[in-house]
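Two complexes come next, and they have one chain in common, chain A, joined by chain B in the first and chain C in the second.
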Partner chain A sequence: MAARQISNPPGIWGHYGALIVLALITLTPIWVMVATGFKDDVLVQQKEPVWFFFFPTLENYDYIMTRGKFDRYLWNSTIVGVSATFLTLLSGGLCAYALARMEFRGRVLVANSTLLVRMVPPAVLAVPAFAMVINFSLNNDLAVLIFFYTALNLPFAIWLLFGFYKQIPVELEEAAIVDGATPLQVFFRVLMPLMKSGYAVAGIFTFRIAWNEFILALLLTGRTTRTLPVGAAGFITDTGVEWGRIMAMGTLIVIPPLLFTFFAARQIIAGMTAGAVKG
Partner chain B sequence: MNGVQLNDITKSYGAVNVIPQLNLSFDEGEFVVIVGPSGCGKSTTLRMIAGLESVTGGSIYIAGKDVTWARPKERDIAMVFQSYALYPHMDVAGNMSFALRLAGTPKDEVKKRVKVAADMLELTEYLHRKPKDLSGGQRQRVAMGRAIVRDAYCFLFDEPLSNLDAKLRSSMRTELAILHRNPNRTMIYVTHDQTEAMTMADRIVIMEKGKVKQVGTPREVYNSPENLFVAGFIGSPSMNFLDAEFQGEQPRVVGEGFDLPLPPRLHDAARNAVSRSVVVGLRPEHFAAKAAQGGAAPPLSAPVSLDVKVAEYIGSSQFLAADIGKRQVAAAIEVGPDSAPLESGEYLFDTNRIYLFDKSTGNALV
Partner chain C sequence: MGDASAGTSVAASKPIRDLSTLVPYFFILPAVAIMLAGLLYPVIQAFYLSFYDWKIGTDFEDAPFVGLRHFIRMVGDENVWESIWVTIRFGFWTISIEMFLGVSLALLLEKPIRGASVFRTIFILPLMVSPVVVGLIWRYLFDARVGWINYYLGLIGIEPQVWLGDADLAFFAIVFTDIWQWTPFIFIIVIAGLQALPSEVLEASKIDGANWWQHIFFVKLPMIRSILLIALLMRLIDVFRALEVMYILTGGGPGRSTELLSLHIYNRAFDTQQLGYASAISVLLIAIVTILSLGILKMGNPMKEKTDI
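Moving on to the complex of A and B:
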C-alpha cells in the first residue's frame, strides 16, 4: 500500500492543546504523590514547594517496608481484591446471563433496576453495615469485606455483562444445545470465551473499587485485617501527618491495579477482534 | 414405526395460536422440504422437532421413540442454522468436533470423523482456521460439517442457504443433494424459496398460517396443486388467477378478454360445479407464441389476446407483463434467442394446463 500524505486539519493544534492540558491536570497530582514519596520531611514541609529538582531519598520506602506492616496489608488487600473480583464476575456473570436469556416474572424490572442499587454511596451504608457486622461479631474478618465489595460491585457488573450477553446471538447457544451441551457447558465452554472483553471491563472496575475502597475497610477491619488504604491512613498520627510515608505508600498502592488493568485491557482488544459471528 | 412423526401438534405463544393442529410424517431416509412464506410456522415446526421449542399439545416421535419432552441431545438430531452459528473462538476442527467431544468420544474416533467430513466438504486445508477467516460459502460448509460429523438419525436445516449469493446457493444445493444420497439420513429442510424446495425435495410440505396446505412430490405440487395458495406459491413466475364463468355444452371458461375451451379431464368438474363462477389458473410458462412469431403450438391450445406492456428478454424466452381484459398477467414465452421483442396480439394457451379453483373455498376443482 502506498503511503499517503495526510494533511493536518486546521483544528489539530487546538485539539492537541486541549489534550495536553487535560493530561497535565490528570498527571500533576500523580507526580506530586510520586515526588513527595521520595522527599524527606524537611523538603515536604518547606514553604516553597519543590517540583522537580531535589535529592531523592528512599527513607520513606525503607520505613514502610521495614517498620510498618506493609506486607500484611498488601496480603489482605490482595485477598480481598482478587476474591471480590472473582466472586463478582462469577455470580454477576451467571445473573446477567439469566436476565438476558431466561424468561421469568419480574425479569425486566430486575434487569432495569440493578443499577439503582449502585446509586447508593458506600458511606451511606457504612453505619448499618458496621452495626450488622458488630451484631454478628464478624468484624476483623476479611470475608466480610469480600462480601461487601461483591455486593457493592454486583449491580454494575450485572448491568455491564447483561449488555454483552445481549449481543451474543441466541443461535450460538441453540447450536451448542443441539450439539448436546448442558446449560452449564453452554455457559462455560461457549459463552464465557466470547465474553472475555466484557469480563475484562467488569473485572477492572471491580478490582479497582475493591482495592481502593476506604470507608468500609476502615470500619470493618481490625489490626490484622487492615487493607492498604487503611494502612496508609495510619500515618495520620497524633503528632502530625507523615506526608512522605503516605505518598510513598500511595505510590506502591497504585502499582497492582495498574498492572491488572494493562493485563485485562489486552483481553478487551482481543475480544473486540474475535467477535465475528455472522457471515 | 420409523422416521419422524408429528401427531396433532399445536403451538401457542400466550394467546396467539401459531400452529392450530399439525400432522406430518417423514419417512426414514427421506428429504422433505417445508416451504412457505415467512411467519407460516415452518421454522417453529423445525425447532419443535429439534426440541428448541416446546410443544403446546400433541406428540413427536423420532425413530419410533416418543421425544415430545426430551432434550435436544436425547433426540439424535443435528441441525444447521441460518446464521451458521459457528463458535467464533474455536477453529474449524473444533467447531466440527464440539458435539463429539461433549459426548466423550475417544480422540482417535473424533479425529477420524472430522477428517472424513472435512474431505467430503473440501475443508481439509482450513481445519485450523477460525470462522472469521473463512468466506461465506466455507462457513456454510463448516456448519454442514458440524452436522455430518454427528452422524445423527435426523438432520434439520433452517434456511441454511439464504445468506449465500445466488451462484454459491445453487452449487451448495447440488452438494446437499449429493450429501443426502450418501448417508441416507432423514432430512428436514425449511426454506421460503420454492426453487430450493422443488430442486432438492423428495417431498414438499407447503405451509401457510400454521396449516399444511399440501404434501407431495415436486411433480405433484406443481402439476396438481390442491388449492389457490399452493398453485400461487409453487412455480416461478407465479400462476395467474383470473375470474371466469362456466359456459356452454362443451364446457368453456369465459372471462373478461378470454374464452378458453376446457380439456376433457375438466369436463366433469365443470358440470358438477356448484357455482357458475370460478377462478382460472394459468401458468406463465404455458403461454406460447403463434407459429408466425416463432412459437410452436401445443396440441391442445386456444387463442388468447395479450395486450403487452413490457417484454423482458432473458435469452431463450421472453417474460411478458401483459393485460388480459383489465387484469395484468405474466407470461413466459419461448421464442428462441434471436427473437424480436414480442408485441400485443394473439397468443396461444395450452388448454390442457388450465387449473380451476372454487371461488369461495379456493380448492382445486378436478
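Moving on to the complex of A and C:
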C-alpha cells in the first residue's frame, strides 16, 4: 500500500466495494430496527437472528396504533415540530436579514452571542426549564416545549439564513425601496421567494431537532402531552422490554427525518458542513 | 459591540440605511427576545439556583441559601470527577477513532465517482435518526439474551457477554455506538474538503516527486487543517452536550461507568433530586463549553467575516 503512486489510484471496483461495505455497516442497525418491527414475539425472542426471510406481521403496529396511544404522541410531536419550525423561521429570518443587510449598534455583539449560545448544553436547560414549569404551573403545556425548541434552534437557523441572505444581490432590494416598499414588504414580498431553499434547509434542521428531541420532552410533558420519542422510551419500563413494539415505534419515528434525507441530502450536508467547510 | 460608530457612519451605497434607525431593532427583537428568555435566562438561573439547596417536591421559597457550599462540595465530590473522567475518556476514544477512520477512508475514497450522492445520503442517515431510537436499536443489538452481537460472537467462539451490565463493556458499547453514528459524518466533510482543494497545488506536489505518504502528510492534510480543527472542536463540544443516547442505552450505569457529565447533571437533578447541586455542576459544564466555543469563535465567526467584505 505504501508504494502506491498518486497516479495509480485503487481500481474503481475496489472503490465501490469499499463504499458498499461502509454503507452496509451504516445501514445494518437501521435495517435491524425495521425488520424487528415486523416480527412476532417468537421471532424476536429467538436467539438466532433472522435478517430477511420471515413472515412479516403487523401485530406490533396494530398494538402501538390502537393501544399504544400512537395517535396522541404523533399529534403532539407534529404540533410541536411544526410550531417550533414556523416560529424559528419567522423570527430567525427577520433577525438574519437585519444582521446581513442592516447597520446598527450592537450588530457584532448580537452576531457573536448568537454563535456562543448555540452551544448551550440541553442538560443545562433542564433544571431551569423544570423550575420555570413549576413556578408558572405550565405542566402539560406543549407551548413550553415549542418555546424551548425555538430557542435551541434559533442560533443555528440565524447563522444558516444569514449565509443565504448574503448570496442574494442587494440590487433587488434597492429597486424595491426606490419603488417605496417598506422594510417588511421587502422582507416578505421581495426576498421571501428568493430564500425558499434557505428556509427549506433551516426548516429541515429545526423540525428534525424538535421531532427527535427527548430529554426536555421527557421532563416537560405529562400523560397527555408526551411526544413520540418519550412514548417510544416508555416501552422500556414495564415488564421487560417489548422489542417488537419499540422497533415498530422507532421505525415510524424515523420516517419523516429519513424522507427529508432522501429528498434534501445535498442541502442537509451543506448545512452540517457550513461550520467546517468554508464556502 | 465593536462597530458602535457604524450606525452613524456614511455608507451611501446602501439605501436600506436611510430608513429609520430603529428598524433593525424591530427585526432582531423577536429572535433576540426568545434566545434571551430560552437560552440566556436559563444559564443565569443555573448560576442562581446553584447557591440554594433546592430539592424536588419542595417549594423553592423554603430552599436554604447555601452560598458557595455546593461548589466546595463539588471540588471534593468523587462522583463529579468520575463523570468528568468518563467524559474525557469517552471523548478521547470516540473522537480519535472517528477522526482516524473518517480521515483515512476519505483519503482512500476521495475521487469523485458516479453515484457518490447515493452514498452520501446513506452516510448521513445515522445523524438523522432520533438519538432515542439510536439508543434503542443498540440496546437491542447489545442485549445479553436476544442481542445479535452476542449471537455472532458466539459463532466465532466468544462467550455471550452482559454488555450493558459490565462497566468496561458498557463503556465500550457507548463508544461503539457513537463511532457508528459519527464516523460517516467525518468521512463526508473531509471528502468535501479534499475535493475542494485547488488542483494546481496537488499537481505541483505530484510533479515535485512527492510520494503517496508525503503527498498526504505534507500537502493534503495541512491544507484541510481548519476543517479538521473545527470538526474536532465541534465533536468535543458534542461530547459535553451528549446524554440522550446513553440515557436510553445504559442510563449512565452500571455504577457511573457510562455517565457523561451532561447525564450526571440530569441524574443528579431528577434521580437524586438535588436541583441546587445539579445547577452548580451545570455552571462547571457551562464554563467548559464556553471555553471550547470561544475557540471556535476565535477561528472565525463566519457572520462577522462575511459582512466585513
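Assume the second predicted complex is superposed on the first by the 240 of 279 C-alpha atoms of A that agree within 3 Å, B and C clash if a C-alpha of one lies under 4 Å from a C-alpha of the other, contacts with A are read in each partner's own complex, and residues count from 1 in each chain.
Methods note: a contact is a pair of C-beta atoms (placed from the backbone, for glycine too) under 8 Å apart; a residue touches a chain by one contact, two chains touch by 3 or more.
Predicted model only: the values in this text are computed from it and were never measured.
Asker: Check the residue A:Leu115 against both partner chains and state whether it touches chain B (first), chain C (second), both, or neither.
Answerer: In the superposition, A:Leu115 touches chain C alone.
Asker: A:Tyr97 contacts which: chain B (first), chain C (second), both, neither?
Answerer: Only chain C; A:Tyr97 stays clear of chain B.
Asker: Comparing chain B against chain C, which has contacts with more of the residues in chain A?
Answerer: C
Asker: Scan A:Glu174 for contacts with chain B and chain C and give back first, second, both or neither.
Answerer: So A:Glu174 meets both chain B and chain C here.
Asker: Quick one: classify A:Gln185 as touching chain B (first), chain C (second), both or neither.
Answerer: The answer is first: A:Gln185 touches chain B but not chain C.
Asker: Just to be sure I read the superposition right, which of the two partners does A:Ile79 touch: chain B = first, chain C = second, or both, or neither?
Answerer: neither
Asker: Tell me which partner A:Leu194 touches in the superposition: chain B (first), chain C (second), both or neither.
Answerer: First partner only, chain B.
Asker: Quick one: classify A:Glu48 as touching chain B (first), chain C (second), both or neither.
Answerer: It touches chain C, and chain B stays clear.
Asker: Could you give the residue numbers on chain A that contact chain B in one complex and chain C in the other?
Answerer: Chain A residues touching both partners: 174, 177-178, 274-278.
Asker: Help me check something: in the complex, which residues belonging to chain A touch chain C?
Answerer: Contacts found on chain A: 2-7, 9-10, 12, 15-16, 18-19, 22-23, 25-27, 29-30, 32-33, 36, 44-49, 87, 90-92, 94-95, 97-112, 114-132, 134-135, 147-148, 150-152, 154-155, 158-159, 162-163, 166, 170, 173-174, 177-178, 183, 187, 208, 211-212, 214-215, 219, 229, 232-233, 236, 241, 243, 246-247, 250, 253-254, 257-258, 260-262, 265-266, 268-269, 272-278.
Asker: Could you list, by residue number, the parts of chain C that touch chain A in their complex?
Answerer: Going through chain C, the ones touching chain A are 1-4, 6-7, 9, 11, 14-17, 19, 21, 23-25, 27-28, 30-32, 34-35, 37-43, 45-46, 49, 60, 105, 108-109, 111, 113, 117, 119-133, 136-141, 143, 145-146, 148, 151-152, 180, 184-185, 187-189, 192-193, 196, 206, 211-213, 215, 226-227, 230-231, 234, 237, 240-241, 243-244, 247-248, 261-263, 265-266, 269-270, 275, 278-279, 282, 285-286, 289-290, 292-294, 296-297, 300-304, 306-307.
Asker: Provide the residue numbers of chain A that touch chain B in the complex, in ascending order.
Answerer: That would be residues 169, 171-172, 174-181, 185, 190, 193-194, 274-279 of chain A.
Asker: Within their complex, state which residues of chain B touch chain A.
Answerer: For chain B paired with chain A, touching residues are 50-52, 71-73, 77-79, 81-89, 98-99, 102-103, 130-132, 136, 139-140, 146, 150, 163.
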